[in-house]
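Labels run A, B, C, D and E following the written order; every chain starts at residue 1.
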Amino acid sequence: MLEISKLTKRFGENVAVDAATFFVEQPTMIGIIGRSGAGKSTLLRMLNRLSDATEGTVTFDGEDVTALKGAARRNWQSRCAMIFQQFNLVPRMDVVSNVLHGTLNRRSTLATMFNLYPQADIHKAIEILDRLGIAEQAPKRAEALSGGQQQRVAIARALMQDPKIILADEPIASLDPMNAQVVMQSLRDIHEQDGRMVIANLHTLDTARRYCDRVIGMRDGRIVFDGTPQQLTTGAARDIYGAGADFSEAATSTEIETLDRSKEYV
Amino acid sequence: EEITEFRIGLLGGENAQDRVNAYQCLAEYAEEALGVPVKIFTPADYNGVIQGLLGGSLDMSWLGASSYAATYLQDPEAVEPVLVKVNLDGSIGYHSIGFARKDSGITSLDEMEGKVFGFGDPNSTSGYLIPSIEIPQYKEGITMESGEYFGEVKFTGGHEQTIVAVNNGDIDGGVTWADGQGNWEDGYNSGALRKAVDAGLVDMNELVQIWKSEVIPEGPVVLRKALPADVKAKMTELVDNLYETDQECTYNVFAGENLGARPVTHETYISVIEARKAKIGG
Amino acid sequence: MADVSIGSAPQSVNTIQSEYMAQVQRRRLYSGLTLLIFVVLMVAGFDIADSRNAGGFWDGIANIGAYPGDVLSEAWEKRADLPALIAKYFPALIETINIAAVSTIIGACGGVVLSLLSTRGLAKWPRLIPLFRRISDIMRAVPEIVIALVLIFVLGGGPVPAMIAIAIHTAGALGKLFSEVSENADLKPVEGLASTGASWLQRMLLGVIPQVAPNYVSYALLRFEINIRASAILGFVGAGGIGYELRNAMAWGPGRFDEAAAIFILLFSTIVFFDQVSSRYRNRLTEGQAQ
Amino acid sequence: MTVADVNLTDAKAEADRLFQKKRIFAFSVPAIIAVYFVYIFFAFDILGLSQRANWDNAVTLASDIWSHKVHVTRDNRTGEIDYAVEGERKGAYPDGQRPDWVSGDEIITIDLGPGYVVRYLPENRTEIEIPDVPLIEAQAEGRAVTTNLPDDLPDWISASSRRVTITTPEGRITLTGARTEVFNYFPGWELFWFTLDSPYHGVGFGELLFGDRVDQDRSNLAGAVSDWWNNAMWRHKDVARAIGETILMAFLGTMGAAILALPLAFLAAKRFSPLMLIRAGTRRVFDFVRGVDALIWTVVLARAFGPGPLTGTLAILITDTGTFGKIFSEALENVDGKQIEGVESTGAKPLQRYRFGVIPQVVPVLLAQILYFLESNTRSATIIGAITGGGIGLMLTQAIQTQKDWEEVAYYITLIIVMVMFMDWFSGWLRGKLIGHKE
Amino acid sequence: MLEISKLTKRFGENVAVDAATFFVEQPTMIGIIGRSGAGKSTLLRMLNRLSDATEGTVTFDGEDVTALKGAARRNWQSRCAMIFQQFNLVPRMDVVSNVLHGTLNRRSTLATMFNLYPQADIHKAIEILDRLGIAEQAPKRAEALSGGQQQRVAIARALMQDPKIILADEPIASLDPMNAQVVMQSLRDIHEQDGRMVIANLHTLDTARRYCDRVIGMRDGRIVFDGTPQQLTTGAARDIYGAGADFSEAATSTEIETLDRSKEYV
């Protein structure tokens, strides 16, 4: 399904992603972990084609994604939604409009300029918002929402794209633990109910363990771990985070203990 | 009473710098005669010179008759006319000429009905004052009010602009000045049309004369009244004898062939003043 | 005390004192020199301007009320005609305002395009940013009168040359101001839109414009104010509108000073009116944003 | 579940309404502008304009800007022949010299280009050779011109018994009784460096620097610079003087206004001027001088000061005093009270309070504004100069209005743009220098 | 020495300071505590004559300070230095110039307009800065300094005035605990070494207890406590702060515990 082969990104001297290679056979929920600067964001941005790879290829269902240009590239982006740490919504616009931005690739520029979205799309947007539990916020401006709500709007926008893949770049890093849980659960639900592939960069080990089917660990641009959450031992984590023997998992955790205690890891 | 400098103001019509250069010879003579620095100023329009004379910041100028009238009407004590240019034939007059494009089919004021008519500067004698009085006398029913007989009456800003505007078709007909001697095809012997022809601006074959005024007296060289008597005397004498001293300089100063200057008094312009007063008021 | 001055004084107080004194001396010298140069420039400049002027400053200053006095006294005598004259020149005023309005709209559109093309992070062709910057610099540097006069030569007199001239200058000026604003715009929404496959135009229209619109409108209003003045001035040199009427009325002199006064009242009240309205509205726009 | 459904339906309906509203807004703004433009289309008579527009003028302008013409003129009375660039005395070839495309003594042959030849024959006769056209012959007699031209003429020939004009791609020929003239067009700004009477005309740059003395009395460099500076055709000296005058107007006007406005701004700022009456009065004065506008000030001041740069300076100064007064007083209202209080608490006198509590805070704002206005006033000074009679603005407007020397116009325009851009750069540089460090 | 008698300040209806009366016999270090809005700042501002009292008098060494006008008032201000919570320095001017502002009252207006201070003053300013441990900062702009350093510059300015009294309005409220300690210690040193009276508004009980000889408590504009730090029991503090039984002293403390633990209260 999705094949990433020797994907490399260089910024001048600096190699941000170094020959990353992995293969995903069927829609899976994948967590990518690694410390700051490991190249997680860069990898996702290349998948979405927000930035161009220096070398290597991304192939999806036999199509070479890295080679796409212009309209074809934008079309790929519409099939491969992205969620950002800072939500990246248009703050001064209302929530529904933000969700409807997910359809931009399908609609003509002129029509979108005059807000001429088909009614069906508008209704669908509301339904998606409802599914994420924020339908009442629909007419409000995005900037008026809390962080967790904004991230759910971003997810709604992603869903509106009806994508094959959802990429999420640290979707919960700016959120408090309570909201983080809601957002991760939404992504998990989308994966399970709609059968979409979800690839999420995560700062925290425990979140990865709890919500993902497969975890990829990156360090200094290279993939140094690829396996199930169960295989992700403290030793493996030490390798990924390049920490010494004093490494404690808690150092990468942001979850409130009370939330943790009452749940089991997936 | 002493003066520390002597200031000459020039009316528009040419490149500012060309005008200054043309008067440079006079400035040099004046400097010699008066013993003070002489400066030449080129205000952007007629009103600039008039204001300068009224405010006492200009000492001498060669005005048009109407500009002199304007100055006189605002302050009779401001300036006095001393000399007037003499044409090659000895006359001291010229004409206001109405003209149009040949291909417009207009040959006289009769065809101008409903068309766009252009004056020059509101302070110009031949470009506004005289035609605005004489044209309505051409026949019953002509007025100079915009939208009555003429479709529109405009001010182009100056003689050159009028000629260009007619030639371009911006306006259907306009008035400018000429001595009325010589050939139409050459733009007459002197005047704004001749200059335009010399400059290659217009081809007189493409224009027709549609109207001609009575003789208009040439404008006077004026001096500020408050100047010391000896300064006035020296300058008058200087310009009066310029033709004998330096013919080339006279050509430059009076913009074309001439026979020099001769004395003139306020009385010559009374009729123009009355005309202006009747026309504009004040 | 010891714990307070930790980290202090490998340098002795004396060296600090003498170094600081040296700095003070230097600064006094520089400020003294700057002041001196400025004063010399001002005095010499004034002197040159004064000597190159026909009338001297000190002679003229006494006369300063003469012209307005003439105008006002005549206008006062004929004050009964003023309302009629104001009505007569109102259409000319409308033309002036129209020139300003149209050129502001066109110029603002041009400014938006120029700014989006010349802002880092937003530009469609990042390599061409310097080109578009230079273009807007040049458009800004050309005085309106230059373009207006050239266009009058080709197109004939009237409002259109003035409109084009002002629009060109406005586009350049607003292009620069706008790009300063959009430089500070948040790029996150733009990236968000890019990730959905939106085209450049969509990213700009939906991601950037909503953010910067209040500032853009505020600058455009300021520009409108400026353009009213500009269009009046251009009228003065032959481009129609109230400036043309004012020039003629002033040139005619006595007898028509009541017209000059009427036009003056119209122009003055228009400028003051738009100035007040726009500054009030601008304050509201920028305040609303700060909240 | 049903409750949720109802909510969802409500939410959808609300979203529909919201979008309806947004659409109306999105359509109405462009619609209003479009309607306004339609009104303007008729009010400005755009249709009429496109008919009236004189594209020949545009062509003249475009070609004249980058080219010059050389006149070969025969005075039919004296039979004398003059060669002059642009037909001006200043551009005349010195006696005994003439362009190399003119030859012959008895019969002067003027070779305009391939196939286009004009011959001045004795007895005021002229022959004109044009490819694919029979030889044109003309004879000037007294005031008339007789030719062998047929009655129906192509549109590039205009002829009457007194005057004939022939316009060809290679040049223009006019014939009248008094004169026969040929204009030959060439690219470039001829005589930009030296006029024909200067010994340095046509001397190469390298030769000027390193070659032998061209003129025995002067060193090459001094002589060349002086001849260039005094070039009668392009008048570099006068142009430089005019530009200097324009910048002077801008500089004096801006700085003078700033100096006047600063103390007045204190009177207009709420914090520093407790008396409502004074405050309101000062503000009205600001509004008034600003509202009157530099244009009207220029005209008003012309009576008192006459034409010249001082009048323009004062017009800028008066208007900007109002503008600066407003900006400064706003800046003063926004000063941080803490600093003033800090200085006040030491027992500082009022003037000292302003000096140390207020001035350091507002100086950056004021400087930035002043320098910004310096640039924009350079442009204003160009325009104001055209009205009061001073500076490069007057030279430009008059060059345009007399409509001859478009290359001169192009030269002035270039200089004005360079001047404004220079002032822009300069004020930005100064801003960086002054606000970048110390108070 | 300093006698405050029935000093009252009204802002319209609101009585900010209500007949405050106390007497200070000799140079003492006094802390004024009370919750926000109690009238502490207003009291100090009336002492410095930054604002005028509505009623009541301040008498210093027999001179009626409240009655002073014009030059006499400014002279009093120069003898009664003030330090502010926000330092109130001129940020764009260098440190020494800021300190020299303390001499403004003594120097002619004209000379100071051009920054012409006597060399002796400049040397003295640097010595004072040295005493406060920030002599190396002398040529820098005030805005380039850290909060603690800025407050010490403000103290230096106050010392430059050579005042009889130093008033300090919450001098440490904008500072971190480390800097707060340095600043309070400086004030204490000045009091002890130079024998100047110091009156400081303090938000925090423990600071008052630790550095002051006498504590005055204000509540709703009235003085409700006046005694030694020892007399300031938790009960007294509850009265001052108008708190219920749940009042915990820690609520008003800003000091880092580690700093506290190693020191004893004065």
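Just so it is clear, a contact is a pair of C-beta atoms (placed from the backbone, for glycine too) under 8 Å apart; a residue touches a chain by one contact, two chains touch by 3 or more.
None of these values were measured; they are calculated from a predicted model.
Trainee: Need the graph distance between chain C and chain E over the touch network, please.
Mentor: Shortest path length, in steps: 1.
Trainee: Enumerate, in label order, the chains that touch chain B and chain C alike.
Mentor: Touching chain B and chain C alike, sorted by label: D.
Trainee: Any idea which two chains share the most contacting C-beta pairs?
Mentor: Chain pair with the maximum contact count: C-D.
Trainee: Centre to centre, using CA atoms, which chain is the farthest one from chain D?
Mentor: Most remote chain from chain D, centroid-wise, comes out as E.
Trainee: Fitting the CA atoms of chain A to chain E, what rotation angle results, rounded to the nearest 5 degrees?
Mentor: Fitting chain A to chain E on C-alpha atoms yields 175 degrees.
Trainee: In terms of Cα-based centroids, which chain occupies the most central position?
Mentor: Smallest offset from the overall C-alpha mean is found for C.
Trainee: Approximately how many whole Å separate the CA-defined centres of chain B and chain E?
Mentor: The mean C-alpha positions of chain B and chain E differ by 81 Å.
Trainee: Distance from the CA centroid of chain C to that of chain D, rounded to the nearest Å?
Mentor: Chain centroid spacing, chain C to chain D, equals 18 Å.
Trainee: From the C-alpha centre of chain A to that of chain C, how far is it in Å?
Mentor: 47
Trainee: Which whole number of Å gives the spacing of the CA centres of chain A and chain D?
Mentor: 57
Trainee: Counting only residues that touch at least 2 other chains, which ones in chain C make the list?
Mentor: Touching at least two other chains: 27, 52-56, 60, 63, 66-67, 153, 156, 237, 250.
Trainee: Give the residues of chain B that touch two or more other chains, as numbers and ranges in rising order.
Mentor: Residues 7, 9, 41, 47, 51-52, 54-55, 57-58, 157, 161, 164, 168-170 of chain B each touch two or more of the other chains.
Trainee: Among the residues of chain E, pick out those that touch two or more other chains and give their numbers.
Mentor: None at all.
Trainee: Pairwise, which chains touch?
Mentor: Listed in label order, the chain pairs in contact are A-C, A-D, B-C, B-D, C-D, C-E, D-E.
Trainee: Within their complex, state which residues of chain B touch chain C.
Mentor: Chain B residues touching chain C: 7, 9, 39, 41, 45-47, 50-52, 54-58, 70, 73-74, 121-123, 154-157, 161, 164-165, 168-170, 277, 280-282.
Trainee: Of all residues in chain B, which touch chain D in the complex?
Mentor: 7, 9, 12-17, 41-44, 47-49, 51-52, 54-55, 57-58, 157-158, 160-161, 164, 168-170, 183-186, 199-201, 203-206
Trainee: Per the contact definition, I'd like the list of chain C residues that touch chain E in the complex.
Mentor: Result: residues 1, 3-9, 11, 13, 16-17, 19-21, 23-24, 27-28, 31 of chain C touch chain E.
Trainee: Which bits of chain E are touching chain C when the two form their complex?
Mentor: Within the complex, chain E touches chain C at residues 96, 114-116, 119, 122-123, 126-127, 130, 132-136, 138-139, 182, 185-186, 189.
Trainee: In the complex formed with chain B, which residues of chain C make contact?
Mentor: Residues 52-56, 59-60, 63, 66-67, 70, 74, 153, 156-157, 237-238, 244, 247-248, 250-257.
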